[in-house]
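Have a look at these structures, which come just after this line.
One chain, chain A, appears in both complexes that follow, with chain B as partner in the first and chain C in the second.
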Partner chain A sequence: MGRYTIRRLLQLIPVLLGTTFLINYMVWQLPGDPFAGRCGQRPCPDSYVSAMRAQFGLDQPILVQYWQFLKNMLTGNLGVDFNQVPVAAQLGDAWPITIRLALLAVAIEAVIGISAGVLSGLKRGGFIDNVVTISTLFLLSLPVFVTGFLLQWLLGVQLQVITPTVSDEATITELLVPAFVLASLNMAFTARLTRTSIVENRRSDYVRTAIAKGLTNRRVVGVHLLRNSLIPVLTFLGTEVGSLMSGAIITEGIFNIHGIGGLLYRAITGQDYTIVVPIASLLVLVYLVSNLLVDLLYGVLDPRIRYE
Partner chain B sequence: MVEVLSEPTGRGSYSGALLEVENLQVEFHTRQGVAKAVNGVTYSVNPGETLAVLGESGSGKSVTAQTIMGILDMPPGKITGGEIRFRGVDILKLSEEQRRRIRGEGISMVFQDALSALNPVFPVGWQIAEMFRIHRGASRSDAKKKAVELMDRVRIPGAKDRVNDFPHQFSGGMRQRIMIAMAIALDPEILIADEPTTALDVTVQAQIMGLLADLQRDSNMGLILITHDLGVVADVADKIAVMYGGRIVETAPVHDLYANPAHPYTRGLLESIPRVDLKGQELYAIKGMPPNLLEMPSGCAFHPRCPYRREDCATAIPPLYPISGNRGSACHYWREVVDGSR
Partner chain C sequence: MSDPSVTQDLIHGGEGPAASVVSASNKPRSLWQDTWDILKRRKIFWISLTMLVLFLLMAAFPSLFTGKNPDYATLAKSMEPPSGEAWFGYDLQGRDVFARTIYGARTSIIVGVLATLLTVVLGGIAGVLAAYYARWVDSVLSRVGEIFLGVPYVLGAIIILGTIAPAQSSPDRATIMAVVIVVLAVLGWPILMRIARSSVIQAKHQDYVQAARALGAGPFRIIFKHLLPNSLAPILVYATITIGSYIGAEATLSLLGIGLREPVISWGIAIADHTSYIRTGAHAMLFPAAFLSLCVLTFVMLGEAVRDALDPKLR
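Let's turn to the complex of A and B:
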């Protein structure tokens, strides 16, 4: 497994190079001059535009620019944005908030999704099963921004049990409802996946063996059945961590959370590529690493999978 | 009885048969209708005795075993009548918790396909050790030591090194030995083996049957051997119950049955075994198809396929006629069958 891990890590290098190059290339190919509209009502003077272009290396060929980007990334020097504010400081402020939001969302997905799936799978056709099936269908058919605004309005404005927007500190309590919104789609899918998996494995021979061994029902379900049923579910949860991060843009917008979602959104509308590129690259890295972790975890969960 | 109930695993002083199944009836409720899988099965097993339950698929032999074990899927299955007495106590009337304690301790079971019957994600030693940890409250290390001992006892080479291996790392025969080790872990009084050798090579089949016979001799447990293979039965069984359409159609000591079957179905089964001295001749096969459990033939379930049938076979269900002390045949015309005229 050690050799497999190293091989997989080495495979990450070309993928990272390819994706980051594409991000750089695409971003600088977008129409419109990022500096032309930065002087209020009047067009910017040529001297300003050319000075800015020189500062950010836009007068260089794309390959040189990319080389510069790689050098900066590896040395950790992210430079300043178009307003001359350090990029690293902005990312440093925003990143922990989004991480917190995403982890909270994963926890909600896992705890609520898996419990609901197990309960409904064990009593197929029962009351809980019907509730879970209907509510997950409901969540799956609602876009995230509808769920978000609905909960914000209902809990924040009407019932006033939460503050409608999140403060700069972004405490865990404040992030609970936004994380639920962010998690809602995946949570519904997790519940359905768990349910199917439980239903499928429940009639399996090894569960029958576990009962015949005289194990308690709690142990049959909690150890023998659950361990096997969760393999596909954990794979799904892991691979979705990356998409959760990028999905945070909408949720952060609704609840006014100052995470990377909001930062990215403002940077895109302001055409400030000095922020867009590092964030997009970081998201790629998160996605790749979480996928690798899932693959390694899969080998631990299912001993039949061997990495050699 | 009260004492037995409070201590369901205690080896009592009950003097009757160790396990008695009496007039057991099991149905399956399906969308197409009610399938009567078991229609009044009666048999018994004593310590050290081997009962072979013989029959084709759908005859109800496995369903009976699952009902004894308490692992029948209910629904769709439903026990509609009869008793299963273990040491004189009707276990069908016990609470789920009392039944759970009998499983593994009093009665245990070996399944046909060990690969799917063992949990794929846990080491085999862990799965054997679980018996001691759950039933006896043993510590992890003690339970593991006992698991190695058991793996030695079922003759798995290098047991100590293989205790942490997973089921898929073993061959079919070795996997079945692990199933057996798990089943005999707590020294049960009854072992039910549901087609234990069907999925195995012929040479491995003989080894597994030999192992079961040895273990039984050592511990004096009662063995219920469920099979459709007449060859497997002859060497190890003491008595045979032949099942057809959810009923026992013939029951006899093994040598009597082989020497002189008293039911047309048994006779047909024996005649359909390939024989070297009849090489080149067409192999005998029982005509027709096994009965559809949803639409059982009226009267004797075997009558549409029976070479001995008369008119009343289609109307009167034959009881298990006693032939001699421990023989019985559910055929109105068993005398003709025994005489061998056809």
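Let's turn to the complex of A and C:
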């Protein structure tokens, strides 16, 4: 286990270097002028452009820039944006909101997804199973923003049960509907995964043994079946935490939530790449680390899986 | 959202589809015959097929469905709600929402299909090469794939498009469509590579491949005559579902202002243009959104029906 962890950590390094390099390359090297339209209606004066290029190292070759970026990241120096506002401060304001939103979304998809999956898996072909199959099909086909606008229009504008946009405090009650929207797609996947897993395990020898021993149905399902069936589901939920963070870009845009996604989106539309690069790198890091944790968790949850 | 990285769970939810052909009768039947026999009895298959034909007709001959010009604007009618004259009402510019929704099908389907084709070509080549040559080719391609998968989908698309086609620019029709197609495929190929790779690896150790090799067939012949046809099924299923998710992804990017843009007519743009009018004129947004969702649903439903037929174990 220890050796496996170390090997996985070592494998993480080239992927992390590759992705951050890719992000740096895409942002700084692809055609497009970061200072276009930065000075109002007229083009920026040469003195400003050259001063900015020197400050952010844009006059250096890409590898030197990348090296500088790595050094800054490792020392925790996120620098300032094009308006000279520290990036770390902006990140500090936005981070807690997005974490709250993502955790809420994970909780929603776990509770609803798993219960729907278990119910439909236990009674295969039954009424609940059909309802779950059809509703997951619909959830999978609705792009997240459609679900978002639909709920905003229905609950916020027509029925007026929620405020259509979230205030600056972003309290848990306000975040409930946005989190549901963010979770909708993964909820469908969770339900389907749980169902497949339950259906498969119901035919397994250990379940037959448990029934033959005369255990109550409740114990067979609750202890024997559920525990084993939920392993792949838990890993799925873990893997998706990272992608929830980037899915938040759209959800936060719809409900006007001032989190990481909103910050990133405003930075991209405002072409402030100095914010884009560190945030995108951070999101990638969260994504990769959550994947790694999930893989390690797998071995803990399921002792049949042996590493090495 | 339409994140293709999750769709692979749909396909690989159970055992490899290609491996599970049931031999119902004694005479040998191909996988495709079997699949067809199951498919034609499934209601969901016929529903999705009908919808697919409708959407394809809409894309090919929009004038069959509406006689109006989607670009003709009467500002006086701006945001008028649905009526007998204009079934879906008028949009902000006073253009007929029904006509624009019908004409929007073409863009979405072209983008979805071409991006999927490109993904299949890129990912398929990479996957077959990785599986066939194994060793270092496999390691290199798999690592490169991991790097691309390491960037969350929406994030990657936003970064690339935000840089090469920022919201302030106004590239022409063909350019922006090509850019969106390439970006979708560039970010999506690693998943297809994994599917192609695993199914080719499965096929590689079958006796018929050994036999072909023993008879002196070269790598080209083995790949095209034996490996590809026998590992096509999961790729096909994934591709069908991917068309749907790419259509959703295109709309999402257009919504963010960095995907397609005017003068292209697309559902995503129509939704994006009217998000600020959700209180006063939701019709201009809800109808395109409904068509978009139905179109995605069509492809996902079709893909799932085919997958279930290919793999009876899942049912």
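Going forward, the second predicted complex is superposed on the first by the 307 of 308 C-alpha atoms of A that agree within 3 Å, B and C clash if a C-alpha of one lies under 4 Å from a C-alpha of the other, contacts with A are read in each partner's own complex, and residues count from 1 in each chain.
One rule holds for everything that comes next: a residue touches a chain if its C-beta (ideal position, glycine included) is under 8 Å from a C-beta of that chain, and two chains touch if they have at least 3 such contacts.
This is a predicted model, so every value here is computed, not measured.
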_Fit-or-clash call for chain B and chain C when the two complexes are aligned on chain A_ = fit
*Could you tell me the angle at the CA centre of chain A between the CA centres of chain B and chain C, given to the nearest 10 degrees?*
80
*State whether A:Pro143 touches chain B only (first), chain C only (second), both chains, or neither.*
second
*asked:* For the three-chain arrangement built by superposition, which of chain B and chain C touches the greater number of chain A residues?
replied: C
*For A:Trp67, is the partner it touches chain B (first), chain C (second), both, or none of the two (neither)?*
neither
*If you stack the two complexes on chain A, which partner ends up touching A:Leu185: first (chain B), second (chain C), both, or neither?*
second
*Which partner does A:Arg219 contact after superposing on A: first (chain B), second (chain C), both, neither?*
first
_Superposed arrangement (fit on chain A Cα atoms) - minimum chain B/chain C Cα distance in Å_ = 13
*What residues on chain A touch chain C, complex-wise?*
14-16, 18-19, 22-23, 26-27, 30-32, 36-37, 137-138, 140-146, 149-150, 152-153, 157, 164, 185-186, 189, 192-193, 196, 200, 236, 240, 242-243, 245-247, 249-250, 253-254, 264-265, 268-269, 271, 273, 276, 280, 283-284, 287-288
*Touching chain A in the complex: which residues of chain B?*
69-71, 73, 96, 100-105, 108-109, 111, 113, 116-122, 130-131, 134-135, 166, 168, 179, 182
*asked:* Which stretch or stretches of chain A touch chain B in the complex?
replied: 203-206, 208-217, 219, 224, 227-228, 231, 301-304
*chain A touches which residues of chain C in the complex?*
1-3, 5-6, 9-10, 13-14, 143-144, 146-148, 150-155, 158-160, 162-164, 166-168, 244, 248-249, 251-252, 255-258, 271, 275, 278-279, 282, 285-286, 289, 292-294, 296-297, 300-301, 304, 314
